[in-house]
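What follows is a pair of complexes built around chain A, which joins chain B in one and chain C in the other.
Right after this comes the complex of A and B.
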């Protein structure tokens, strides 16, 4: 029961009705895309859906403490879930797009590493500020022991707080989250770029070289947009703050993966229809 | 080949330096304007009975706000370059126009947020609006100009396929994310709660009781910029500078190896190095500062 007397919102489980409706919407989007853009478009849309699901899954790894972390009252990075994940994922997308001409696998690798690198440096600098600027050691509020290093936390939590800083498990979670975000964002970009590179020269009846900047721009804008959609959607699933993979809220990820897949499916369909209709 | 490589490394270094300045200016701007997560306390304070003279413009997180301003600056510069205006001049004009948008944003945000606290008797100070807004605009100009200049280098010298406005959006969001992540705790804990004990988090019971008085008279947001520019600003600058530098460096230097996989492997190695450094910092803090309280088992032994 909430304070207003209604049913409690949130929770850990998956809502079966909502999930079935979501999957039906996803299948309709795939069907429409197949009808309009044939097999090539459908395969691209499946790639976009996988990319969106990767983003949704990856955001759960990113340790975000929001406003309480800015006062050393809770562990995590002192900013918003969606925005931090977007920052990392888009840095990954930058690297992936740069490596696009070297092949699909290399571009995905470059995107993933770009996102991971951004988070690795950011998480390190967060700890540097906490330790050398504020004299505060890292301590998790959700677990008593770090699952990786075995460090104990209860005696390292200052009085009246839920913990602070970034324990090693949160650091690793941040890097994994950035990596998955970069990978997902780059996958969406590459799939859309493939669709536009194939469709735009026919649409305008010009060589590919002439419309390549348009294809790159369109794919990039849609990839950024879809990244933000999936990151914000996942932030709603997390509701506020999360410490990383050891946080009980992490178990909510299947719900966000379904939601991200549906949202990416519908948005991807629209992005493909821009040139297919 | 070698000339291209040398040029690439030089551009990488310049882009890294620009990013460092951008990060420092971004964080200082957000601390003076109080746009990061610690602003929750600035908004909370009057509701707890603590009337203050701190600026209050957090109607948006730093990443989307900087995404907007940098995309706007880069877009205008790109349009001006398309009509053959000198690149440097185009970047300056783009950044200047984006800063006017930032100024409008800051003014309306301060008036709106502070007016919403009227029933808690928090006044809207017009002198704060006049004195602080222009300072945030000046810092925002530095942050936007350096970021879009860095983006221009990526397009013009390194050949990144994204158009300038899209790069402005991508790196603007990353700038806001890096700056808010690194700089917020120092502004929140060390400045707003300067009266609390050093070396510990702020107890949740102290929420809202921010420091409101300075050496003489009431504390101004300009003082917060002076304080945070000592550590939070430079640290944010180093954070964003390292991100941009290593992202470019690994690509420029190692992309030609192993059909492109060289840059990926270099990235993984850099991540591992930063992970080791982070673990060292974490253990150093535990060993140097020690626990706040004895472990329960040790406490029992001591009692017996």
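Right after this comes the complex of A and C.
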């Protein structure tokens, strides 16, 4: 939601020239990483890029209502894209980081479940407050019928609003978005942790156990930074509010996936350079 | 293309604020190098001053960017600023004496790429997008570098990952009691992020005036600096940490009083509500 009430920017469609330039930048980042950190670093960077793209894609599922939702005039959770994505993704990231010692697949699963759980609880409590606190029914403004339950909306939608509450399809979207965001954030963290665990002991000539806190903390702060970059870029793509996977704005996701992949590639290259140079 | 929402007319032009913020921040962060030259830790507080300069500058950049309807709220700009800034800053700390300059250069490169992605790939089509995201990334990197050098007394990577702890009276080198190993940098990240996004978010509106917003930015900067000064007790000598705390506290008191004065100036009317008085002889 625009804080100043300006008209939402962001036209439809992909800008082909800019996208190609972005992909070239991504390939240059991959090339530089291969040059300074050989195959291991490049594989880690590919993991980071996939993680970033997952975050960019996942944020589109999250029902973001912004300020109008807080006044019951638009459906979704009543805060901005960046805040919601950070909340869900970081919850997943912490879950995955906690499980990092239990193996790659378990950690990824823990991250995904952590993010999904965070969004499930958020969506549930949002609906409790909407229905029992504000006394408004859930009705989408973008579609007439819920694609999953088949519930109809128009007769419940108040005049002058874009819908209100959090319909079931938005709830499902939120959980999917949280799951993908947590998965992507954890993937970035695990790849960076692997790079630092391998490089730091050699760089400073100390056993891994002593330098492990530095590796964990570096990977964590880089993962948080990259998560926020990807979430904000996706927020810029959505420009304001989105109801979930049934919203027409959802079709814009290819742009965000390209932008998030390029941003993650460049930032991941810098993060790997910290130990490779 | 979106409608430009008018922000306060007149005042100091953005270019001048950028110049003052960038130069002031760099000079102040470089002054912490006096620690190395003189062998003390007393000059660490200059790092915090540098971060306040960067916050002061970043606030005006956020204002310029968000005067276009970016549709995502003001805080998102602060988040992307610090998120990309931390990446640039950590690589720059590897450069030794050149760290602050290196942080500016690396952050500028990252910022141009992020600005291009937002403006062209995501079709935002906002004229100032690339420039402002570049400025915000540089400001974010300088905020983190400034606060980190204030907490540890140095802007070198090795001093940020290694600390020392006393174990049964013996000084032991350890990696876990350090700025990065102890994840203190995550706290600095949020302190900087809140300080850079709050002022314009709090002061925006039809009655927004530049000097008030900028004073709020300085106030937020010094408030974060107080928290960093408290954290610096873990890494610096007591004298240096207390000096940093006093500088931050005095700066905060001054800017807070000035901010309240400016708020009263801009307000239509204000009421100095006194606390409810207890009647004599008990209720």
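The criterion applied here is as follows: the second predicted complex is superposed on the first by the 268 of 277 C-alpha atoms of A that agree within 3 Å, B and C clash if a C-alpha of one lies under 4 Å from a C-alpha of the other, contacts with A are read in each partner's own complex, and residues count from 1 in each chain.
Keep in mind that, in the parts below, a residue touches a chain if its C-beta (ideal position, glycine included) is under 8 Å from a C-beta of that chain, and two chains touch if they have at least 3 such contacts.
The structure displayed is predicted, hence computed values, not measured ones.
Colleague: Let's test your reading of the overlay: on chain A, do chain B and chain C clash or fit side by side?
Modeller: Partners clash after overlay.
Colleague: Answer with first, second, both or neither: which of chain B and chain C does A:217 touch in the superposed model?
Modeller: After superposition on chain A, A:217 lies in contact with both partners, chain B and chain C.
Colleague: A:131 contacts which: chain B (first), chain C (second), both, neither?
Modeller: In the superposed model, A:131 contacts chain B only, not chain C.
Colleague: Under the stated touch criterion, which partner chain does A:161 make contact with: chain B (first), chain C (second), both, or neither?
Modeller: In the superposition, A:161 contacts chain B only.
Colleague: State whether chain B or chain C is in contact with more residues of chain A in the superposed arrangement.
Modeller: Result: the larger residue contact count on chain A belongs to B.
Colleague: Just chain B (first), just chain C (second), both, or neither: which does A:239 touch?
Modeller: Once the two structures are laid over each other on A, A:239 reaches chain C alone.
Colleague: Pick one for A:263: touches chain B only (first), chain C only (second), both, or neither.
Modeller: second
Colleague: Which holds for A:80: it touches chain B only (first), chain C only (second), both, or neither?
Modeller: A:80: touches chain B and chain C.
Colleague: Taking the superposition on A as described, I'd like to know which of chain B and chain C A:273 touches: first, second, both or neither.
Modeller: second
Colleague: Tell me the contact category for A:31 with respect to chain B and chain C: first, second, both or neither.
Modeller: In the superposition, A:31 touches no partner, neither chain B nor chain C.
Colleague: Have a look at where A:248 lands relative to chain B and chain C in the superposition and call it first, second, both or neither.
Modeller: Touch status of A:248: no partner.
Colleague: So which bit of chain B gets in the way of chain C here: 117-125, 153-161 or 279-287?
Modeller: It is 117-125; the other listed stretches have no clashes.
Colleague: Where on chain A do the contacts with chain B and the contacts with chain C coincide?
Modeller: The answer is residues 66, 80, 83, 86, 213, 217, 220-221, 224 of chain A.
Colleague: In the complex of these two chains, what residues of chain A are touching chain B?
Modeller: The touching residues are 66-73, 77-80, 83-84, 86-88, 90-91, 93-95, 97-100, 102-103, 106, 109-110, 112-114, 116-118, 120-138, 149, 151-152, 154-168, 171-172, 175, 213, 216-217, 220-221, 224.
Colleague: Could you list, by residue number, the parts of chain A that touch chain C in their complex?
Modeller: Listed in rising order, the residues are 1-11, 13, 15, 17-19, 21-22, 25, 66, 80-83, 86, 206, 210-214, 217-218, 220-222, 224-229, 231-233, 235-240, 255-256, 258-259, 262-263, 266-267, 270-271, 273-274, 277.
Colleague: Residue numbers of chain C touching chain A in their complex, please.
Modeller: Answer in residue numbers: 1-5, 66-77, 79-80, 82-88, 90-91, 94, 106, 110, 113-114, 116-118, 120-126, 157, 161, 174-176, 178, 180-183, 185-186, 189, 201, 204.
Colleague: What residues on chain B touch chain A, complex-wise?
Modeller: Chain B residues touching chain A: 36-38, 40-41, 61-64, 160-163, 166-167, 169-171, 173-174, 176-178, 180-190, 192-193, 198-207, 231-232, 235-236, 238-239, 242-243, 246-247, 250-251, 255, 259-261, 263-264, 267-268, 270-271, 274-275, 277-279, 281-282, 284-286, 289, 291-296.
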